[in-house]
Amino acid sequence: MTEIFDLAASNLVSPIILSFALGLAAALARSDLTIPEAVAKGMSIYLLFAIGFKGGAAVAANGIDSTLLLAIGAGLVLSFGLPLIAFALLKIMTGMDRVDAAAVAAHYGSISIVTFVAATSVLEGRLIDAEGYMVAVAAAMEAPAILSALWLVARGGNSAKMDAGLMREILLNGSIVLLVGSFVIGAVTGEKGLAEIAPFIVTPFKGVLCLFLLDMGLIAGRGLRNVRGSLGMGAISFAILMPLISSAFGLVLGMMIGLSLGGVVLLMVLSASASYIAVPAAMRVALPQANPSIYLTLSLGVTFPFNLTLGIPLYLAVAQSVIGG
Amino acid sequence: MEMHDAKRVSIVIEAPLERRLADALTEAGVTGYTIMPVLGGSGRSGQWSREGQLGRSGMVNFICLIRPERLDGLLEAAFAVVEQHIGVVSVTDAKVLRAERF
Amino acid sequence: MEMHDAKRVSIVIEAPLERRLADALTEAGVTGYTIMPVLGGSGRSGQWSREGQLGRSGMVNFICLIRPERLDGLLEAAFAVVEQHIGVVSVTDAKVLRAERF
Amino acid sequence: MEMHDAKRVSIVIEAPLERRLADALTEAGVTGYTIMPVLGGSGRSGQWSREGQLGRSGMVNFICLIRPERLDGLLEAAFAVVEQHIGVVSVTDAKVLRAERF
Amino acid sequence: MTEIFDLAASNLVSPIILSFALGLAAALARSDLTIPEAVAKGMSIYLLFAIGFKGGAAVAANGIDSTLLLAIGAGLVLSFGLPLIAFALLKIMTGMDRVDAAAVAAHYGSISIVTFVAATSVLEGRLIDAEGYMVAVAAAMEAPAILSALWLVARGGNSAKMDAGLMREILLNGSIVLLVGSFVIGAVTGEKGLAEIAPFIVTPFKGVLCLFLLDMGLIAGRGLRNVRGSLGMGAISFAILMPLISSAFGLVLGMMIGLSLGGVVLLMVLSASASYIAVPAAMRVALPQANPSIYLTLSLGVTFPFNLTLGIPLYLAVAQSVIGG
Amino acid sequence: MTEIFDLAASNLVSPIILSFALGLAAALARSDLTIPEAVAKGMSIYLLFAIGFKGGAAVAANGIDSTLLLAIGAGLVLSFGLPLIAFALLKIMTGMDRVDAAAVAAHYGSISIVTFVAATSVLEGRLIDAEGYMVAVAAAMEAPAILSALWLVARGGNSAKMDAGLMREILLNGSIVLLVGSFVIGAVTGEKGLAEIAPFIVTPFKGVLCLFLLDMGLIAGRGLRNVRGSLGMGAISFAILMPLISSAFGLVLGMMIGLSLGGVVLLMVLSASASYIAVPAAMRVALPQANPSIYLTLSLGVTFPFNLTLGIPLYLAVAQSVIGG
């Protein structure tokens, strides 16, 4: 137990976490500090490209082992299944209506790539290797949760707009395409390709991540300021309980399919993390009745910082104690 | 200079619906419009600002200049998309040069 | 489609006053507005362009659609902020869909 | 609040002509205008979007508020620039505060 | 022959080319992946600054040899002359009217700095040196082609708007000023200046180039999607034939004035490449009747990817077999 | 004396200064070269984050000595006091009215962080250490000058709008928050944190600074072009005389509180530099009657380039000859 807190504490004083905290504090204090939208989008493109490429290059270096397909399968199962659990939990813990609950559930089945990246940083800092293809698993987990949520709504008799256009938009959304595309480029060009562009995608990576998290903190802080008081304790508890439950499922599936310690931790983190980019946009199209400030605040304002600060070290500690290593 | 009557329709709509609204307008035979960026705003669903957004959120503003007799068709097509969503539709009388283009 | 009379008020104002104008409008009971970016312009105080600016300078454009009877209240509130500053206020007649929202 | 009649002229024009239009307006004695960015649009020459552009392409939107009696001068000056180019000119009736500024 | 294909194949699996392919594929599949305009412009400023500076520093290191002026002269001749050849070819191969043909011709006389940069990367990868001042030649070749095109139009009785204002805009256009300016800064501050900022302009350069080419791919793909079918085979064949012809002229002039192997290849590449930034903007002012989608599609959608993938290795192979080395 | 000129000359041929000169020249020649606003803002966020973090890490490494508080106190005294001197000088040297003079005075009491950064670069180039907490002093000096200026106006019977909202905006303005925040992060995470992100905030720093100064040159040049002729010789002389006077105050206070040579130079530079970001925005709110083109031109168009080129080496030479070392 103390070990977990030590881990969490040493995690907390990293520049990455403190940058997030700075953004959060600045926004709560109503500072006018902002990062231009174009710059934030540029950084997220950089991060996706870098993480995808490095994953691909790692696969090229280590070869594809048979667990790749199993891991993607596990990711799909989690992304399809977790929204059902989230939905049931929301029905018990909060007074949300079916549509809002389904929209929130979609976010918790999908993933946050920045949380994934932060976990990767923590693993690297502890010299724990992970399967390079986990970024492909991340990509696979982005979209299925949306389908589960729409099914939950349709089952309740409400109308949810799902058409071929939306399907294509979800599957070909920019972050999935960039992640998968750069993964493939990394896998094809391998170590040699990585060496060529490492001074761009490897060495300055953590620094860019700091600025990106500063922006995430600013956004989360502004969101929290706006909804202050309008979210009940039930919803907030859900946003902390759900990642714990999800990570347990990630742990079990990760061990079943034989992932390494690092891979299990990353699958736990993916399960525990909640989307705040792809899913919100899809919800505005498919479930416009759902209230965006509910799902954005829970995902970005509660679950994201929870995972970033306490969640990741906790999942790592649990995985280490269960798997050993 | 010769000018022709027209209606200027402004539609403020959520950015994720941009492509859908463009398609709906095109289907309704409206092929002239200009899309302008929106920095932020306030309405029944509260205040928002582009700088507080991640991803594709935010809003955009479609401006269509159209012959008066075609206004109803446009509004119906637009309204089908805007209906369930956050957004505002307004119409102003205007004059345009080069009516052959409309 | 049923439409309702409204006024469209456009206020071009210096960016550092954005929050103050928004607050003044909110206090005057105007909760609907859209803020649009401005690239540059020219007026009595000369030409300027966003690309020649550092920091928070530049201008923004507030657009408010409002019921005609509430126009005066809005203009007074806005004018109190704009008065001593660089900026332009104009009003156009407009029609809006979904008047229940205004 | 006292308001004065004015015309609101909107000119959507290709970005590489921005400086030329500004110069033409200035020469015609029009020293007040606001330039707003355009994200994309559609017209006789097809659809385009700012994100699909390299370099200085794209369009911008000039807005001029002007005394009604000066409208013709403005339109002639603007039309000389817009004539051969992709672009749209529209005029709306408006009222302005602080007419001494126009 | 197999050697050329080997070269092309090894060129094709570089992260740079694959990034372009990713962008192209994403756009053709209608993904919403986009790079914000401001970020793309920022990257192009970075690339121009870096390439100019490095060229200047190379000149400072090696001294200016007498071929500098000759090379700039050759560049001017090519930029003035190639549009005439392109125009004649277009008249033969396509049904374009005089104005459209002249506008396209202007693009092929001018240059693409990204193609130049990609070629520099290939040369560096093969450890082939080139004259540092080739970036000055690139700058010199940007504008003259525009004048030739306007002359072609005027000769045909059409009106083309050329005035002092446009002339100044063309000559002082941002990319020329930045390229020449940073070249001078590099030449003045020399190796010492380069050492100070090398961690910014040298080591991460290739990585930035990848992201920039991702964006170029996105733009080219969107352009191709829009014009699908409206361009005839004649025009498309022109866009592949013309660079081959141009590069031959570049080869001959480069050898005549005594450039090194690397310098000859770069002059071939400059000749073969077509503008898609400076010239299109100038055309909108000077030849508004010309249809932008024709010249943009040919230049960016056909010739640019052709040069990037097959052209550069081909020009290199030809130059090597002719010059030896 | 020759020594100062040698110093200035060697300072002048640095890539940083030449980039500024390039921007200035491009703008004066009316080139359309521009750096997108979002990119410029992104770079300034990067610079503030990097400089704050490095200062904090330096404090973590060397420990806080007792002069920290004294230095911040000195900064506050200078920022409050210098506007009074500037105001008196403006009244003597120019025909400005009270409001314009007060607005200009506010700028000269506050600071320019880019001038500070450029001075840091010069010190590093000469291997002269400085107290890491000077960035905290810089942050402390941003705002007080605004209060002095408003007091000057109010004393003259004019109305100046100072309310709680403005006070908060000034104190929580983005650059102060980012500078102080990253300083704290650097101090908390120390050498270890710095090592993690040094490839982002340390090695490419000077290169980013070059591009940022290119933009500053562009902006200063455009400003100068617009006001050409409308500023009298009196105002321009003030913009060169005032930094000399201010730096003398900085020198005396710096020596009194026992700063190192580097620290004294930085305090001189902070005193001598004039704001062009935080103060202008505050003036638009609090003193809208003041003419922005006067204070922006003096600060950005005259004093900034003066400090960058001649001022910094001069202050360094003076400090060296007074303190020795």
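So that you can tell them apart, the chains are marked A, B, C, D, E and F in the order they are listed, and the count of residues begins at 1 in each.
Note that in this section contacts are C-beta pairs under 8 Å (C-beta built on N, C-alpha and C of every residue); 3 or more make two chains touch, one makes a residue touch a chain.
If you're wondering where the values come from, they're calculated on a predicted model, not measured in any experiment.
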| item | value |
| --- | --- |
| Mutual neighbours - chains that touch subunit D and subunit F alike | C, E |
| Length of the shortest touching-chain route, subunit B through to subunit D | 1 |
| Interface sides of subunit E and subunit F: same vs different residues, half threshold | different |
| CA centroid of subunit C to CA centroid of subunit E, Å | 45 |
| Cα-centroid distance, subunit B relative to subunit C, in whole angstrom | 19 |
| Between subunit E and subunit A, distance of the C-alpha-averaged centres to the nearest whole Å | 41 |
| Residue numbers of subunit B (touch at least two other chains) | 36-37, 47, 49, 56, 92-93 |
| Per-residue overlap in subunit A, given as positions that touch at least 2 other chains | 32, 34-39, 42, 199, 204 |
| All pairs of touching chains, each written as two labels joined by a dash | A-B, A-E, A-F, B-C, B-D, C-D, C-F, D-E, E-F |
| Contact footprint of subunit C on subunit B as seen in their complex | 12, 36-44, 47, 49, 59, 61, 72, 75-76, 79, 88-93 |
| In the complex, subunit A residues that touch subunit B | 34-37, 40, 44, 165, 216, 218-219, 222-223, 226, 276-278, 280-282, 284-285, 288-289, 292-293, 300 |
| Subunit E to subunit A touching residues, read off their complex | 13-15, 18-19, 22, 25-26, 29-39, 42, 199, 203-208, 210-211, 214 |
| Touching residues (chain side subunit B, partner subunit A) in the complex | 14, 16-17, 20, 45-47, 49-58, 84-86 |
| Subunit C - residues contacting subunit B, complex | 1, 3, 6, 8, 22, 25-26, 31-37, 60, 65, 92-98, 101 |
